[in-house]
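Here come two complexes built around chain A, the first alongside chain B, the second alongside chain C.
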Partner chain A sequence: MERAVPLAVPLGQAEVFQALQRLHMTIFSQSVSPCGKFLAAGNNYGQIAVFSLSAALSSEAKEESKKPVVTFQAHDGPVYSMVSTDRHLLSAGDGEVKAWLWVEMLKKGCKELWCHQPPYRTSLEVPEINALLLIPKENSLLLAGGDCQLHVMDLETGTFTRALRGHTDYIHCLALRERSPEVLSGGEDGAVRLWDLRNSKEVQTIEVYKHEECSRPHNGRWIGCLATDSDWMVCGGGPALTLWHLRSSTPTTIFPMRAPQKHVTFYQDLILSAGQGCCVNQWQLSGELKAQVPGSSPGLLSLSLNQQPTAPECKVLTAAGNSCRVDVFTNLGYRAFSLSF
Partner chain B sequence: MSSESSKKRKPKVIRSDGAPTEGKRNRSDTEQEGKYYSEEAEVDLRDPGRDYELYKYTCQELQRLMAEIQDLKSRGGKDVAIEIEERRIQSCVHFMTLKKLNRLAHIRLKKGRDQTHEAKQKVDAYHLQLQNLLYEVMHLQKEITKCLEFKSKHEEIDLVSLEEFYKEAPPEISKAEVTMGDPHQQTLARLDWELEQRKRLAEKYRECLSNKEKILKEIEVKKEYLSSLQPRLNSIMQASLPVQEYLFMPFDQAHKQYETARHLPPPLYVLFVQATAYGQACDKTLSVAIEGSVDEAKALFKPPEDSQDDESDSDAEEEQTTKRRRPTLGVQLDDKRKEMLKRHPLSVMLDLKCKDDSVLHLTFYYLMNLNIMTVKAKVTTATELITPISAGDLLSPDSVLSCLYPGDHGKKTPNPANQYQFDKVGILTLRDYVLDLGHPYLWVQKLGGLHFPKEQPQHTVIADHSLSASHMETTMKLLKTRVQSRLALHKQFASLEHGIVPVTSDCQYLFPAKVVSRLVKWVTIAHEDYMELHFTKDIVEAGLAGDTNLYYMALIERGTAKLQAAVVLNPGYSSIPPVFQLCLNWKGEKTNSNDDNIRAMESEVNVCYKELCGPWPSHQLLTNQLQRLCVLLDVYLETESHDDSVEGPKEFPQEKMCLRLFRGPSRMKPFKYNHPQGFFSHR
Partner chain C sequence: MGAVTDDEVIRKRLLIDGDGAGDDRRINLLVKSFIKWCNSGSQEEGYTQYQRMLSTLSQCEFSMGKTLLVYDMNLREMENYEKIYKEIECSIAGAHEKIAECKKQILQAKRIRKNRQEYDALAKVIQHHPDRHETLKELEALGKELEHLSHIKESVEDKLELRRKQFHVLLSTIHELQQTLENDEKLSEVEEAQEASMETDPKP
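== the complex of A and B ==
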């Protein structure tokens, strides 16, 4: 089969370097703006790019609409995690969390509002922050990452109030159980731990790899992604993607996905997951694969559903991962287009 | 008288008409015989008026007599006849009178005529005399005017003015006393003085002429002497050549070069001048020479008559040949093509010497009909190079100068006007002829001062010195770095083919002391093969794998793990880094599409290449990248988490010091080596 060969553009040193950078870019995190019209994406070079979803989705969208409105260097290291409050974007990567004002970000040359570093025990290496979680009732932010602890930071004062210890290896992901309120964390040590925020104690531990039906030793035991829906929890990673009933700590459904999943989320009555492999998988709660929609990246690391009520026209699913592109799914059935760094 | 005449007439009365005439004749005879009767004298005596009356009377009488006769005749009778006879006699007498009168009238007339004639003749004679005199008068007048107008030659001579004359002339000539009064004498004196002066000047003139002759002869002698000097000087110059060379002052050579340079076409001339200037000013390692036949160059500018003769000759020849054998269309086209691609007989050779005594020989040609310059390159080294198999293309004349500037592949003609010329003779592209003609790189055109702007194509492009000068330094530096980097690669390839990654001592700090993975294979692969590999799709789609690049395959092994690395070497190495794409075969096939860590390894060599550049001029980049790949493979294999379900120890025990094995959402391995602490961490 003839492969279409693009014309080799006369490339000087700068162009070659830029092309190589784009080839090796990984987008780790995404976050939707409070108004719902913009999407921020953070990559492994520490850059954050803001895309205008409304422009890209409009009928007069041109190629430039799929490029970022603004790109700036946010961190020295990769931006592993981002969340948005109603006015701020919080981004975290190599050991520190920074806040940016959404309205300021759209202008060039914006500076962070504040930058805080949780108190780390080790000093040899700055641990990364893999997950951020907003707890709206307490107006605080939960950080978890390389130092195996969950740090709680008060958003108003910026002080770190508590640290929840228990994991034996670094923490990959966090999820909030609204009702209790409890926080779930999954880590490299293969355990999903539930924490009670009021008394900062570990309430429950589920060691996924110990359950034979879902463990996959050749992939490892690490828990890469977590999502919870009050009584239910779905987690994946090294072990297979499994739906758990929390009170009984039993796996109810195992989703037959061979590739390790890096992101999972509940959506309406479906479970969406993505990971190694270029597809976004849609699962029924019974464990059936409803659809597998291919994206443009060879592996996906984050999914983002834009459910902001202020921008219903921008209600899309965006997926990003091992490339410089963010796939936009207007309809869960197919990939509409891709935004690109 | 009348009776005599009437007597004589009587016998003749019958014939009344002829009688008077006979009578006149007879009378003239009588005149001659006897009496001299001059009727002419009688004329003078008679009065013409009375004669006229007599005539009138006679006529009347005759009329009367005739009338009476008629009456008598009509009456008739006897005495009529006597009466008639009487009247007849009377009429005869009257007739005689009439005749006399007639004669007298005639005589008078004749006399009158004679007199008139005489008078007329006299008048004519006087008239003639008058005319003669008038004529003489006129003649004399003319002579007088002529004499008066006569300019004597002496008046044409510009004589010196009077004052001067009296001043300068010696007194025996000027004779002032005489001449003052007499203008004639004065003029004579002046003329004398004029003559005197002229004689003197003529003398001087002759003297000067003879002087001049003498001097001319002297000049001749000296010229001969000088011309005999010329060959001697030449021989001295020849003899001094060795001395020049000894002292490194090759004036003679330079002079000869400039002589030949005059015959160069303009772009080559610009190149020659600029390169020589640059060589003298900035770079002693650059040497410039002109090669080729000057006679052929001169022959290009033959005078038109010769070429016309040639045309007619060749036409005649062509006719003959067409009769004998028609050259095929292909042969004609071939000839036309050869004509179009003809090179100027002279070429400029540049030799760039590099630090390690290797030399880059560049020969620049000028294609006359296409108005572009081409270059052929050759690299010679101080020591004989054994070319490793994979290094075949590195120094080949075809590709050593490819893409000196990004995109300048030298396979297409830079002059847009050439395309129309090519269409006429069926040449598709210059690419087919570059091996023979040399490469028409854009920088070559710039060095020759030729600029072909794309926006406004110009009709004729002339060579421009400033364009050449502005590009000379950069281009020379690029050429040198290119040769040196290629030679460095050459050496490195020789080592790589033997499985040794040559890491220089000043780059050792980039790697840990112990590297277990080994390079086992290093080969070239073709462009098409590279494109067919399944793990190189991203590079191809990004447009980084053009046909001007060189492609290689490296194989790194450790134990059962085999790492294939496909390398894209850009001609602009080492400012443009080589690009690696990896495929690991160990417990399955892992590439950047299914293993994030392979992707991270690629990123370590492709994106973070600047750390691996080493000291300027960063020839160590490729070997450092290969060494780093070996290190990365070591880390990858050693940090692979142990699969609990599988029995047995790990194939690769961890020997590297790592702070953490995994980090981040994609669980990256610690690929970054920290010197001098010697441990591995994450970026």
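== the complex of A and C ==
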């Protein structure tokens, strides 16, 4: 019996363009909806795609369930960072932060609720916003990025209340330390700074590259990723991925990973990290590599754990990076499938 | 419509005839032999045929009894299966609960492991620093040495003071002696001068 040969269909201009776009796409940020059933991903063309996790994970999932439910142009520049509140999706790109309603996003032709720009020193500057952090107790949003400052914005009024200055180079990542309400920020200048929000002062500075055990001068001193667990902090990037004890500011464990890591998070008793290699690495706090699970993108930029209590069946880890695909891991041991733009 | 009922009839007959292989045929034969027996004349033949018919009849009754027993057995098997099915459902529910329980225990165990690993990490760092007791002992030893040395210094200083005072006393005594000697010389010079002037005076 002859095997069916796929016919070579001549592609039109639009299809070629789309294929090229998908080849060169980078997904910078992801965010899970408050109900837990949808995942939004933002890419370097400024588009946001919403995928339905419950449809893709259900037993009768087809190929179309792995495509976005809706895709829209959110920003003119790349969408570097996204975060979800209980009703809105906040996305930030080159110099502005926009808000979208989750229920509206699933319909076509969704418009942003508001768009704010933090006050910059000169009007000529349009620095990118690399990280967004929600502070639920104060109902405010922290933005940090290219202008080396942390801006605090009140979510109800939309006004920018404070600016925390101290970094000498642009900021990559933010993390919230819940017990003593402090914010950690890590940036290109190689320092992790802890800020107390109540009196807007810099409480502690940890210059990671100055510690011999973890510094890797050939990679630089930039801090690409931060995660904190109130007493402990893990940070990586140019220097090696290290676990720090915050109160004594000492590096306790160094994870033997050569590639710089771009995203790290604590999960149960593990530390998950992803970066230049294609794998999601799982570390134990003692420094041992528990597992390395390969994904489908050549480099990973963001990890997202769907732990929303309203959708326990969609409890997955999603990883996205230098490709148009978002890998979905249902069990941390292997990649189940990939969603694609 | 006729075709459907035909099919059903054929199906039913096939089903029924599956058991006993020829019960239907036996009943047909019985009816035929009954008719023959009614029409037969002689006594002996009729008797043998009658006996044969009775045996066929009892065979038919026997197979019917067997079928009834099988039917009863099937009913009871069904009940048994229902019971087992319910038991299995209960044990499935029990297993679900145990799974949930075990999941909670896993979370707890993971938390404990995390705490232990954090403790280990801190302990490793602490081990790099020297032991507190030893450092305290060293500090004590150093303190004692310091005290000892300061005692020595004090005693040396005291000795120095004493010697200085003694020399001072010695020097001042020498000085006084010198003064006294000079005074004595002066006195003796003055006496000699007086004696000389007294000798020149008594001549006139």
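The working rule: the second predicted complex is superposed on the first by the 328 of 341 C-alpha atoms of A that agree within 3 Å, B and C clash if a C-alpha of one lies under 4 Å from a C-alpha of the other, contacts with A are read in each partner's own complex, and residues count from 1 in each chain.
Keep this in mind: a residue touches a chain if its C-beta (ideal position, glycine included) is under 8 Å from a C-beta of that chain, and two chains touch if they have at least 3 such contacts.
Note that the structure is a prediction, hence the values are computed from the model and not measured.
Superimposing the complexes on chain A yields a three-chain arrangement in which chain B and chain C fit side by side.
Chain A has more of its residues touched by B than by the other of chain B and chain C. Seen from the C-alpha centre of chain A, the directions to the centres of chain B and chain C diverge by 120°, a value given as a multiple of 10 for the model superposed on chain A. When the two structures are aligned on the shared chain, A:298 is found in touch with chain B, with no touch to chain C. By the touch criterion defined above, A:243 reaches chain C but does not reach chain B. When the two complexes are overlaid on their common chain A, residue A:118 makes contact with neither chain B nor chain C. In the superposition on chain A, A:252 makes contact with chain C only, while chain B stays out of contact range. Looking at the shared chain after the overlay, A:232 reaches chain C, while chain B stays out of its contact range.
Between chain B and chain C, the minimal CA-CA distance in the chain A superposition rounds to 27 Å. Residues of chain B touching chain A in their complex: 406-408, 531, 537-548, 570, 572, 575-577, 579, 592-594, 596, 599, 602-603, 606-607, 641, 643-646, 659-660, 662-667, 681-683. Contacts from chain A toward chain C in the complex involve residues 231-232, 243, 245, 248, 250, 252-253, 268-269, 284-286. For chain A in complex with chain B, the touching residues are 3, 5-13, 15-17, 19-24, 26, 28, 77-78, 80, 124-125, 128, 130, 146, 170, 172, 188, 217-218, 220, 222, 224, 262, 276-277, 298-299, 301, 322. Against chain A, in their complex, chain C makes its touches with residues 107, 110-111, 113-114, 117-118, 120-122, 124-125.
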